[in-house]
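Following are the structures in question.
The following pair of complexes shares a single chain, subunit A, combined with subunit B in the former and subunit C in the latter.
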Partner chain A sequence: METLALLWDGILAATDPGIFACTILGAVVGLLIGALPGLGPTAGVAIMLPVAAGFGGVAAIACLGGVYYGSMFGGAITSILLGIPGDAPSVMTVLDGYPMAQKGEAGRALGTSVFASFVGGLLGIAGLVALSVPVSGYALAFGPTEMTAMMCFALSLLSVLGGRNVFKGFVALALGFWLGMVGLDPISALPRYTAGSMNLFDGLDFSIVAVGLFGLAAIFMSLEVNVDKPVAKYTFASLLPRISDAVRTRWQLLQGSVLGFFVGVLPGVGASAATMLSYALAKRISATPEKYGTGIVEGVAAPEAANNSASYGAMIPLFTLGIPGSATTAVMMGGLIMIGLQPGPMLFTENPEFVWSVFGSFALGNLALVFLTLLLTPLLAAALFIPTAYLYPIVIAIVVYGVFAIDNSAFNVMLTIVAGGAGIILARLDYPAVPLILGLVLGPLLERNIRRTLIQSQGDLLVFIERPIALGLFIATLLVLLIPLFLKLMGRKMIAADEAEV
Partner chain B sequence: MSIQRLDQLIAALLVIFGLWLVYTGIGYGAMQGTTPGAGLLPIIVGSAIALLSAVNLYRALGGLEKLGAGMSGREAAKAAAVIVALLVAVWAIPYLGMTIATMLAMAGIGLVLRTESGPRFFVRLAAVSVLTPIVLLLLFQNLLGVPIPKSVFGF
Partner chain C sequence: MTYGLCNLIGRGRVAGLGLLAAAALAVTPAAAADYPERDITMIIPFGAGGGSDTLARTIAGVIEEMKLIPVKILPENRTGGSGAIGYSAVAKEKGNPHYLATVSVSFFTTPLLGGSPVSYKDFTPLAAIAQSPYIMVVPSSSEYQKLDDLKKTPRFTTGTTGVVSDAALLAKMTSNALGIQIDSVPFDGEGEVMAALLGGHVNVGFLNPSEAMTQMTAGKLRPLAITSAERSPAFPDIPTFKELGYGDIVHTQLRGLVMPADVPQEVVTYWEGVLEKVATSEQWKKQYIDRFYDVPDYVDAEGFKDVLERTNARYETMMKDLGLIQ
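Presenting the complex of A and B:
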């Protein structure tokens, strides 16, 4: 009950006009980003990051959160109306959404997707609120040794699950660690890898690299994406969700939301995998599995509930442990750091108003998106036809101004562009960008923790396995590292995860 | 260059890069008595990059790595042109100011991405390229208080 009271206070705080306006702005931008083929939630959050950081406090994170879950709503529009996934988490929506549109039921499919997204979001927020407090309370007992072990566990999961080639996942992680070393050494103050440039003495700003690696790289890789397919016809009245469909899809909604949430919590898995698993499960337990893929509302409801729920599940490791489990939450972590907050269990004890106001803004944004999606669908469908020759220069200009505004530095803008170019090469060669960016975020923390612990123990490595939680986590890390070997022996393949969400 | 050849090249470069990291790490100092030095992590990370990239190089040379089609020459050329346009604009900021540099970069990028011809395209692109930086100038400078670099023309 106390948690519900805190959430209610948070919702009231999020009704502040400034915070609410930023939530809506983020949600609308997210809808657009989600609808545009080629750009996904990570790119959207990365593009908005420098701009949102200027809003400060709760408004900044409310805006970034709005982009994240807004894009989950928006992706379905393109999937249903054009048969092209707006973003990776809406790939499964195409399977039944587009056939429904071809049968003249585009409005019904869109209405179902909006309702499913809302239900998934609602249950996801409930899970986020219910689990955050106990997990953060438990994490408060973690010392530097346990945090080191937890980071190793999360990073190994990300590297193993994040891409097709595990070796490349670890190379990307190591490159992220190296980027995190650039600047003055945190303990001896020795400059490392700065090439004598004063601009690099403070290290590479994570947000600048993230904006390039996810935002600009996504744009650079979709320069030729121009929509030239006709949009399926629908009427505004047909968009309104039907009670009969809600009743008919109740189990798919529940199963998709619950599965999506728990898959979302796992580092390195994310919303795309959640939708695939949810769709597969819905089909498997259905009495009429042969109807899936032919255009039925159940096939739209299951993945749409799952991807929205997963987006909130993915925020649990970020807010409670300070360890982002996906690319999008990693970029959101950049937002928290830029406004002067360190995500982790202390956030709940030192800034409870902030945390609950942010969660409150999620609840408001989720509800507002139902109306925004219904109202803006015609506009978003029209926006899909804006040629990239007009749209991308505008988006790139916003990114350039936003990145410049972080430190009033043109050097940062140049670094972002270089990171964008590097992002193309990484993506094309299957080097996952998520471990790289998390290596950059967590590498300096990990190095500091390891070195401080070793200084205290006078170089005794056994200190890392003396405490039971740390030992358990290190054993779990070893098991995770062996996953690819087990899968190979069993002849199974992994589901490619969050990397495609960019 | 084919995507497979690029994969081989990058893997080979990463092996060299990893070894260089180990070398620089030794220079920074791995241990000072029982205390880990600034070079410890570079040595570990460099070794990992060199070793894992050697595996990747072996896989790439042996044709074990299955990659997508990669970018077409046209896509790659467009991406390169956009990146160059942006880098030139950033370089020109101290001379032209951010507003004019952005206007020129936007026009350049729009021309690179052009899919339609005729005067209507140029009018629209000019409008987008001129209006967007002005709106951004007002937003960032006046609303958010960011000191946007100016040209000799005063904006």
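Presenting the complex of A and C:
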């Protein structure tokens, strides 16, 4: 109750015209940066940092926060309309969003992503204000050993995303693991698979690869069909979001938000992994898993709810402990220091008004983004009325600009094009691209945490089962892998139907 | 029309270069008197919002605010290759006194690992304006009250960002001095290191002053010793390793600036003057020292050069010990 009163005061404080204007500015900039393929929340917050720092106090952090969650709204736009992930956490949105747009349901898909972003944001904020302290303790309990177990559990859930051919799915996953090793070895610092090029030292940026693999590949392949017609046929009604979709996807929204929040809290894991888990979980417990990937609203709702709530989860270690758990929150921490605040455990006790006003601005910004994006939805979806002969060259130009802008690097642009070429080859040979992306994101996390654990334990493998959280997660992993096998032996369906399906 | 415009700009540039060349020829011995003749590019080899970026932009901001030079400083982020791309861009401008960069750990380590075509030898040290010590800490819940208590336990782990870092170096130095074993577990960022320390997944930490301050104020971490030669004004109660009897453990990160190799001595003297004013200014104290709890300290070009060489030698020895390089 007291928390609610504090939040209410915070919301009132955040309605101050100056602060509100900065919140909206941040949210709109975030929306645009999120929508620009390649550029994501980290780049967005970094770009706005010098500007926002000038606002000072609550307004500065309200603005940076706006960029962060705004980009989570914006990332879905190009994922759905063009099949090009706007940023790393919206890669999974492509899987069902893009097929929906091709079927002429772009408005519904965009609408669902807005509802999902809003619900994810709302529950994320609720978690942020109500559960920060206990949840930050939970985040700290995850050391390298627990993270290793967590990644194994994640991979067991994600095995459902392998596509029709299990063998080809694993080949793509292995390819992703391998690509994740490119760069300086995270533990011993020696270069691996860099061919001597220092451009590859920092590894392959996941969003750059995803933009090429999904986006450019789709554009290149479409050149074989008619290029003088729009992507799909539309009626005016198809451009409008449907409120009923929000009701229909309520379970995916809830489950995605909760999962996203708890995964987002973990230092170093991030929103992208949260969206993958959320999508996989939704598919796994669905009674009709085969429909995922063909263009259904549930497949848009699950990842979009997760990435928004993950962005609030990621702020918990920052605000309660002074620990930036992700690249984006590290830049936000820079913002806190620049306005003269010391992020950390004392922030809540020494500057409660500041913290609650910032949280209040999150609530307002989240609400404002819903109206903003819902108004924009028909307009954005109408972009698909443009014949692809005109649309695609513009899109390619924007993609090149967005990828270049990440590091002002022409090498990254080449990398996107190469990834696009690789995407075509994979599609031609019928290898799924999703496991490759999963490997690229989760492979490095798994490798690093296994090696960290073994340094700590001096090579003793028993630590993995000596620690209770890790043991629990390993048991859960085994159950996820064995239950379908068991059910199959019992002559039942591969995947259990769950009451969660609507 | 576009062509015409390009042509015009092109001609203008050629004419300008011609004039410049003529001027340079005419007054070569006194060239430094006119220095700097154009804006200075400050290359930041790391991303916006990070530690290096904040340092570089704050220095540029203070110089601008105090109007210490007649031209502008233009900060530019050139990221990639663990710093190699940005530092190479500066080194390439051999003899050009209009390029600046700050030093960082990667300034030494990436070249040593064979990851960069340029090393510290390809730069002219100008001066350092602050130093950042490291503070050795343990969680408050731990049984170790002072440094020597660590001798009771044979083995510890610490978190570092990357295998070759100041924290890893200090872990090695402390291990040798105390006769214990502190193994470094490399993480992906300072935030992850802090989470591992607070979560009890590693036992000791070697932290930046600002990181340590936050958690010490909150009562989560206990300081054992600081790596500066003398006690830091920001932490008067933390003993130095030196006064605890471990005189070998003195290691700080110097916040300093470098230019490409072969810039004229006059330019170095010019920047020594500018940076000395920065180091002693109220603006620098307020905008950087007080925020990051660094130790204000001015080191001239000669002294800074020695520190660069010593730091490089330390990293080199450590990498050889680890078997990373021959």
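Simple rule for what comes next: the second predicted complex is superposed on the first by the 265 of 502 C-alpha atoms of A that agree within 3 Å, B and C clash if a C-alpha of one lies under 4 Å from a C-alpha of the other, contacts with A are read in each partner's own complex, and residues count from 1 in each chain.
Please note the rule applied: a residue touches a chain if its C-beta (ideal position, glycine included) is under 8 Å from a C-beta of that chain, and two chains touch if they have at least 3 such contacts.
Computed from a predicted model, the values in this text were never measured in an experiment.
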item	value
First (subunit B), second (subunit C), both or neither touched by A:Phe177	first
Subunit B versus subunit C as contact partner of A:Leu190, first or second or both or neither	both
First, second, both or neither for A:Val331, with subunit B first and subunit C second	second
Partner chain(s) touched by A:Gln456 [first = subunit B, second = subunit C, both, neither]	second
Touching partner for A:Phe486 - first (subunit B), second (subunit C), both, neither	neither
Which superposed partner A:Phe385 touches (first subunit B, second subunit C, both, neither)	neither
Touched partner set for A:Asn408, first subunit B, second subunit C, both or neither	both
Touched partner set for A:Ile398, first subunit B, second subunit C, both or neither	first
Contacts of A:Gln342 with subunit B and subunit C, given as first, second, both or neither	second
Footprint overlap on subunit A, where subunit B in one structure and subunit C in the other make contact	187-188, 190, 408, 455, 458
Sites on subunit A touched by subunit B in the complex	54, 164-165, 167-168, 170-171, 174-175, 177-178, 181, 185, 187-188, 190, 192-193, 220-221, 223-224, 226, 387-390, 392-394, 396-398, 400-401, 404-405, 408, 410, 413-414, 417, 420-421, 424-425, 428-430, 443, 447, 450-451, 454-455, 458-459
Subunit C residues touching subunit A - in the complex, by the definition given at the top	47-50, 53-54, 57, 77-82, 84-85, 88, 109-110, 113-116, 157, 162-164, 183-192, 194-196, 198-202, 210-211, 213-215, 217-218, 220, 291-292, 324
Subunit B residues touching subunit A - in the complex, by the definition given at the top	3, 6-7, 10, 14, 18, 21, 24, 28, 31, 33-38, 40-42, 45-46, 48-49, 52-53, 55-56, 59, 65-68, 70-71, 74-75, 78-79, 82-83, 86-87, 89-90, 93-94, 98, 102, 105-107, 109-116, 121, 124-125, 128-129, 132-133, 136, 139-140, 144, 146-149
Partner subunit C, residues of subunit A touching it in the complex	45-47, 49-50, 139-145, 184, 186-191, 198-199, 201-202, 267-268, 317, 321-327, 329-331, 333-335, 337-338, 340, 342-346, 407-409, 411, 448, 452, 455-456, 458
